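Chain nomenclature is as follows: A, B, C and D, assigned in order of appearance, with residue numbering initiated at 1 for each chain independently.
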């Protein structure tokens, strides 16, 4: 078995998509790990109503915990200069305004960029949709972070979704533990391979067909 | 010619419809004159974004003029404890929430409570609608203040509107310079006569048929 | 015309079959004191409209966390984009909720966070409906009109106009003007505007004029009753330090 | 990543045929400095979306009042619920505007204050359209779909998504976070959210952290360029006293 990226390295690569001046939302799960790698001058939004908050509270500064400073995943944050608060209505208007880069986890992405994220089954009784459909639809640019395959080795990058769809043709970029793949109008384009992997090996792990970019390169950190 | 109410007396009678605890909007024109007669404990809204402001600035306190404290008609107001500011979107949500009593002027009211206020002609090139249609539609209770007749003596209380309609079946009470008339599902009901006027004389001035309330009374101030 | 009243008196306006809206997202901004008062009020067949429905582990409610699941025996329908029945914090198994649903004792309608807010907004502002770009051809669009407008597909969504809004704010003045603090703002301002009758629980009440006019987020016109949480109550402002201590212990124990 | 720039540079993003949104209501909160910069930019065939279009008497613009009618030569269409051509303050006769309209040089689309706001809101939040209860069977409903929903009639209204929002705030920080003052707030926060590109003129700029996070009305994400009005300009914060003096004189002269 070839080496795949750790979650931490995957997050570090994904955070490279954030540029100074960007506004971004980091979804629950893998994207949250990008938080520590956001470049100076970029601003993070929490969809429960904050823009531009500071580092999260952890074991080392539990005394900084403020009950009213919580992000969308329920973590406590510290204040930062220029931070702003707003209600959830405004927050989702912001999300659908096309002014944010969104980073989401994913269960499946189709070759047209359809995303499945909210449900493992179409007979699911209890909704876990949250803000995922809004984030997927409204993003200026949508980057999906996920392992390339399920635990059973099944490709998550598919021709057609088999899981319930969250939003159609919404994904711009897929970053997995073995590759970076762009969704284009001409199909999926392999842009980067994790060190040790060839394009052919990545295609073997992928149900949907990949075009290999002329300038395909090894992933850098 | 019998005496008709002065504008000031008409406004004083109209202000009796405002009770402590009420929130109200006083439209441009005649309703603005109610401002000085609002009872303690009632709160006035300006649709350009203020709730609960203090007395208007006049010649005697020109030094209190603040460029950022202006009501919907462009008058300067003084601050008051408990005053709140908001944007126009919120303001019109407030207006359409059914939580305000609205006082509007009127050009015509029909016997079903249809209101014409925004235009003297259906070929009008330049809109003067402003917030009138929102105020008419959204009011918890809509009170129209107007002279009973036009300058030419024509009744403004009509069977069918001849002027462009602003909102259908919206008026609850009409206060004119000779009468107080309620709009009910059974038609117009004459509730009060200005001193010196009989119900018959008021009917003579009114195109639409009036029912005389059992307890019709003389207007009091 | 002070709007201050007790929770008891405020709850008298809540009736069987009412639609109740409330905020729930994380540990702050959700009206735990009013939820408890609603349980005591004992009305039934409620519809609960809530951005998240996140049950708490046993024993945490008594220590100051808010748990909407204490309302379950009174609720016939939940409208929510997120039901945290699978969460690590849950003391309600999915099986338990499934059983309620199977027995016809609980109906669940889903949405997205954003579209639930837009439906409440449409209710607040008197709209008859909106065309949402989110949710097209997904589970939330089932049974709803789909329409193409200017070459984009939309789903028709209807307004929600709750009978009663139960909200939480940081401070109120006696006229019902409200200020919030940090991310505890949540859906509270919108619920105040969308509901026919709004009850707010607050840590503190001040006289009119104390709150900066520019800082007031919810103007008093949208608030019918202001309930100050009594100092001795576990949900009071005075006792928030106990909750901080509890959560700090949890965080340290988990090694986060 | 400071957003501070000059009016000149900010205006470079405005093009022929753009839809421009701006606030105008009374003497405060309307972006007079940016209107002048837009005249200097010289683009044409603009659509102007504005809650009121109220011309000022001659000589008042030079003394610090804001007059949207200085844009008339560049405007092909006005979307507004209120055009103050008949007002006592007007120096533009109805005949003048009528002539523009007759010659096909000016198109006017009307609305109501509330519905214009809702259309901008729908644009901001990505909706395909809304059903408005206001305006049914009136002039604003002409040519629009009418629909009965749950026994109430509504008019279908489409979103407005301006290319450029010209707004005015009291203060900005360098990240574009904005605070307003009093009734100068107006439609400015909504225009910031609804527009694809937002330029704000402010009296003062401060560093991030100076504005209270709870007081920020427009978060910086909605703002692209912050233009500080130069102190020597008639529209500057420093020179507002001159405007107060002018208006006080007018008030005293009118005997109001």
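To be clear about the criterion, a contact is a pair of C-beta atoms (placed from the backbone, for glycine too) under 8 Å apart; a residue touches a chain by one contact, two chains touch by 3 or more.
Only a predicted model underlies this, so the values are computations on that prediction, with no experimental measurement involved.
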Problem set entry | Contact-richer chain pair (by C-beta pairs counted) among B-C and A-C | A-C
Problem set entry | Chain whose mean Cα position lies farthest from subunit A | B
Seminar exercise, completed: Averaging C-alpha coordinates per chain, one finds the centres of subunit A and subunit D separated by a number of Å equal to 37
Problem set entry | subunit A and subunit B: spacing of chain centres that average the CA atoms, whole Å | 55
Seminar exercise, completed: Taking each chain's centre as the mean of its CA atoms, subunit A sits from subunit C at a distance in Å of 28
For this session: Would you give the residues of subunit B that are in contact with at least 2 other chains, written as numbers and ranges?
Result: 85-86, 92, 96, 137-138
For this session: Going through subunit D residue by residue, note those that touch at least 2 other chains and give them in order.
Result: 114, 118, 125-126, 133-134, 180-182, 213-214
Exercise. What pairs of chains are touching here?
Worked result: A-C, A-D, B-C, B-D, C-D
Exercise. What residues of subunit B sit close enough to touch subunit C in their complex?
Worked result: 20-21, 23, 41, 43, 45, 51-52, 79-86, 90, 92-94, 96-100, 137-138
Seminar exercise, completed: Within their complex, subunit D touches subunit B through residues 25-29, 51-52, 80-83, 85-86, 94, 97-98, 101, 108, 110-115, 117-118, 120-121, 133-140, 170, 180-190, 217, 240, 243-244, 247-248, 251-252, 255-256
Exercise. How about subunit A: which of its residues touch subunit C in the complex?
Worked result: 46-50, 57-59, 62-63, 65-72, 74, 85-89, 92, 95-96, 119, 122, 125-134, 137-138, 164-168
Exercise. In their shared complex, at which residues does subunit C touch subunit B?
Worked result: 1, 124-126, 173, 175, 177, 193, 207-209, 213-214, 216, 219-222
Seminar exercise, completed: subunit D residues touching subunit C in their complex are 114, 118, 122, 125-134, 147, 149-150, 152, 154, 158, 179-182, 212-215
